[in-house]
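Letters A, B, C and D name the chains as they come in the text, with residue numbers starting at 1 for each one.
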Amino acid sequence: MSLFQREREIIVDNEFTDSFDFEEIEEFVSGASKNLFISHRFATSDKMQVQPRGGFPTYEKVFRLYEEFKSAGVDILPLTIDSNTRLNDYATARKMLELSEENDTDMLNGYPLINHGYRTTRKMMVHFDTPVSLRHGTPDARLLVETAIASGIFEIEGGPITYLLPYSKNFPLDKAFLYWKYVEKVCAHYSQFNEAINRESFGPLSATMQPPAIVLAIQIIEMLLSLEEGVRSFSVSFSQSGSVVQDVVSANVLKRLARKYADTFGFTDAAIHLVYHQWMGAFPRDKFFSDSLITTGTVIAAMVGADKIITKTRNEAYGIPTKEANALAVANVQYTLGILRGLPAISDEREEEHLERMVDAIMQAVLNDDADTLWRKVYNSIKKGYIEIPFSPHIINANEVITVRDPDGNIRIYDRGRLPIPDDCFEYERSKIELPEGKRVVEKIIEDIGIMQ
Amino acid sequence: MSLFQREREIIVDNEFTDSFDFEEIEEFVSGASKNLFISHRFATSDKMQVQPRGGFPTYEKVFRLYEEFKSAGVDILPLTIDSNTRLNDYATARKMLELSEENDTDMLNGYPLINHGYRTTRKMMVHFDTPVSLRHGTPDARLLVETAIASGIFEIEGGPITYLLPYSKNFPLDKAFLYWKYVEKVCAHYSQFNEAINRESFGPLSATMQPPAIVLAIQIIEMLLSLEEGVRSFSVSFSQSGSVVQDVVSANVLKRLARKYADTFGFTDAAIHLVYHQWMGAFPRDKFFSDSLITTGTVIAAMVGADKIITKTRNEAYGIPTKEANALAVANVQYTLGILRGLPAISDEREEEHLERMVDAIMQAVLNDDADTLWRKVYNSIKKGYIEIPFSPHIINANEVITVRDPDGNIRIYDRGRLPIPDDCFEYERSKIELPEGKRVVEKIIEDIGIMQ
Amino acid sequence: MRVVTGVVGNDVHVVANRLIDISLKERGFEVFNLGVNTYLEEFLDAVIETDADILLISSLNGEAEGWCRDLAILKSGYDIDERVLFVIGGNLTVGEMSAEELIPRYEAYGFDLVFHQVDLNEGLDILENRMRERLR
Amino acid sequence: MRVVTGVVGNDVHVVANRLIDISLKERGFEVFNLGVNTYLEEFLDAVIETDADILLISSLNGEAEGWCRDLAILKSGYDIDERVLFVIGGNLTVGEMSAEELIPRYEAYGFDLVFHQVDLNEGLDILENRMRERLR
């Protein structure tokens, strides 16, 4: 038995899991319906795939949620995991699940996949015969991903940076890298048997004033870390920035650079997809305004040419959406995509070159690090502040970069911290910023955070 | 007294009007608040002006409608006239108004302006101190426009073609031209005393499969007919076509050509504005889909750079909207305009040149007609079928042009009838059309009419 | 089978009328289309002139009720065959009203089939079925 | 005046917390910001350590109630000055619940001021007024 296989045995041998039958699971994956694979869907459909978020504690409620989504015309189903499971606290998750089942109220903010187990969960996945995407935010997702794939969930979101810096205060970074290395390997392993398991990075980060240069660099890095372990179907992503042009520029550059870096690293056979998240920041309280914001995001997604769109709901400012509100958003987005015709191909050469140079510069700084492996280079770069995420709650995050919006709504770098971008690029960014006489930067930032409200 | 003034005296001397005091009216216009003039608003604001449609029988209901609009953040108020008044049937309008007042139900589908009279109506206009746009659809709008301006309504929609061919079955065309000549003169006359009275053409026409070449030619013609009589502030318009690129192309060409023809005719001092109508065709029955369609239209309006947008409501497929539904649309449109930032400047040179050549060709054919005045040239051109409106109910309309959508949703000319467009342009149009094997043109047209449903 | 059709009153919405024309012809009816802006008297005249089996009225702009409430009175003045089927469809009220509330009213005015916000071909299918039943 | 602040429980929503920090400082408070992911015990420890006048807790992810229902019991174990003001604000429930239903619950847990979906500065204005009243 290989070392890796031994590690897997240990991981899945847990008092909260029923025994893992790896042989049976491989057989299941080998024979699984192509319809369960988003990688297959991407390969065979030109339509932008519509995917909401969502998960409930009990099997029945998720089942009903999926039915609702299906009748709204969903393309990809989500499975959002509860926060105890995210923190590997399966005991609490079990207790809360039991309470939820007994009292018919939700005591968890998602589906405790480990407690339900793959044998049960698989029934649902096979029943709906639709690709499912695992949404979690777990630094140590090893057992979760084993269970997900065994259940028939063939897309795994996240990554060592994007599921850590925005989601955690002090989880050790090096551990996150190693745990995710395991996840990549498992995904690569199962990809041999049938269509590829798709991995997706989480580009929205903290969803607040993220400069595209940072988002894109992180997307490319997580893609490379994944491809290095053998994954061959990967989605890079980002979220609506608040400026249409900036979204278009980000999409064009991200598509180009992701391909370039994948090829340079020798992964010419990897399929790369683009995912667009509707506005991830603070939503308006008015539900009709939220609808408008959602539709606007859909139009932009179509303009940037995304392969998949991840939807929000009119309840966003309030709380976890009801299944009805969630399905309504899916139906509206599908309707909007259906009526959008004759979209122009847009580009902005100057901005694209500018962004490309910044991303390349960050990538060079990372790749030039002395360490021997890519993940260590990245780890060092984060510690050195070459990479950081504005509004990350994590203690290791440099917290030096400051961004504000220019008059067109583009997010610009006001203070570059230790970001290794060329001086002239930084000057260009600064030149775009207009701070009205007497207005302090913080006031501007507060205003900029709330632009959709 | 001039001949024209004598004509005016006759027109306003009507058993349904209270006596017209022209001197007082001129004084009123001279001293009127600048806020009542949309021409002034256009000159002093860069913001896209948001205007709904709407009108009710009684003064009180219009008052409450305006209050609702104001609190939704409206920029321009509408006054939609009832259909009896449109047909100059003031007796029926009076009866129905009385019934409406007595029974507190609406027996008219708009405001019977003649019956209310200018003295009463002016109170409302002065109270709200906001530009009001007169929406009617009246071939003989002479008395209506006299009353409107005397009331403080300083924007008049319509024109001899656009308020006739889509709105009437057999009203004589030559009469329409002469009656509208009167309207233009009155508008020009009052424009001397204060800011200019704005005239607006109705570009949506029959709102069904209108090819841009026809729309643009008619817009330019109505503009010239108006400027000829001394009007100096004019809005050309068109409605959402169903293809984003086609809208952008139409807007770019219309702005360019309207200016060009105005200048060529010596009206270099005329201010020309662009108005965009949200989707005017068949709406979906689902009200949330209607919201999505409305928001999509708002995004496109912003992309084409309209000076004003005219809104629809989520009730469109059902009936005359309630004031609440109407105001909701205004609020949503304002919200959407508020969050749209960093819009790209789009153009499509090839399509623009192509459209420009078609419009120029139609204009040349019209201008080359033997007649001595522009309105007669236009009149002849319509009779000859050089100009026609698909899906016009009017008996004089040629009804030969057939249009279908290409795969990108652009409306293309399938049969050019007697439209004087160059052969190579027509070939280009035809080359874009793809009719699936075995599909009949009518099936395709039916499908194309219902694309937003 | 002969059908007289058109749009009643001061209504200029011609699009559905054009489609009805096409669809009726495709279904094998002989169609006399009076177009938009047609008054009730004109419809009844045409029914008699053409010896039609069906009168199929459209109304879209919400005015239908005002124009049709006098149908019964008017009918009695004409010598119209009992067997002529009176059909009306489109958007039959100003504002919003449920079909349950609306249909009985129009039936009371003298219509045999009433289609409020019903798709054209759905309505014409029902019409054809009704005519087939009659023939049996 | 000293304020201890932070986001309670497993909640990582840091944006409001950063803004609260700035706004409190601007208003002249001495701020001890424990950041996100802070447990109730840590808050109470900090109040005692810093001799704070106000404890201002945020919660955004809907978990607040689970973490705060034991406040009273916990408080009794500490020797906390009667005069310390307990404030909580943010998005205080999973899903939707009206403020009328929600505020009394949190008051019962031992909070003096409860702001559910209330804007930051609106809340801080009220807080300042309350503190001024006390000083009188």
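Keep in mind that, in the parts below, contacts are C-beta pairs under 8 Å (C-beta built on N, C-alpha and C of every residue); 3 or more make two chains touch, one makes a residue touch a chain.
Fair warning: this is a prediction, and the values are worked out from it, not measured in the lab.
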Requested in this report: Determine the groups of chains connected by touching when subunit A is not counted.
Outcome: B, C | D
**Report entry** Longest centre-to-centre distance from subunit A, chain (CA-based)
**Finding:** C
Requested in this report: Report the inter-chain centroid distance for subunit A and subunit B in whole angstrom, where each centroid is the mean of the CA atoms.
Outcome: 46
Requested in this report: Could you give the separation in Å between the centres of subunit A and subunit D, each centre being the mean of its C-alpha atoms?
Outcome: 31
Query - Intercentroid distance (Cα basis), subunit D paired with subunit B, Å - result: 56
**Report entry** subunit C and subunit D: spacing of chain centres that average the CA atoms, whole Å
**Finding:** 68
Query - Sequence positions of subunit C contacting 2 or more other chains - result: none
Report task. Chain pairs that touch, all of them, please. Result -> A-B, A-D, B-C
Query raised in the report: What does subunit D use to touch subunit A in their complex?
Result: 10, 12, 14-15, 18-19, 22, 35-37, 61-63, 91, 93-96, 117
Report summary line: Listed in rising order, the residues of subunit A that touch subunit D in the complex are 83, 87, 106, 109, 166-170, 206, 208, 282, 285, 315, 317-320, 322, 391-393, 442, 446, 449
Requested in this report: Within their complex, state which residues of subunit B touch subunit A.
Outcome: 242-246, 248, 284, 286, 288-289, 291-293, 295-296, 298-299, 328, 331-332, 335-336, 339-344, 346, 348, 405, 408-410, 451-452
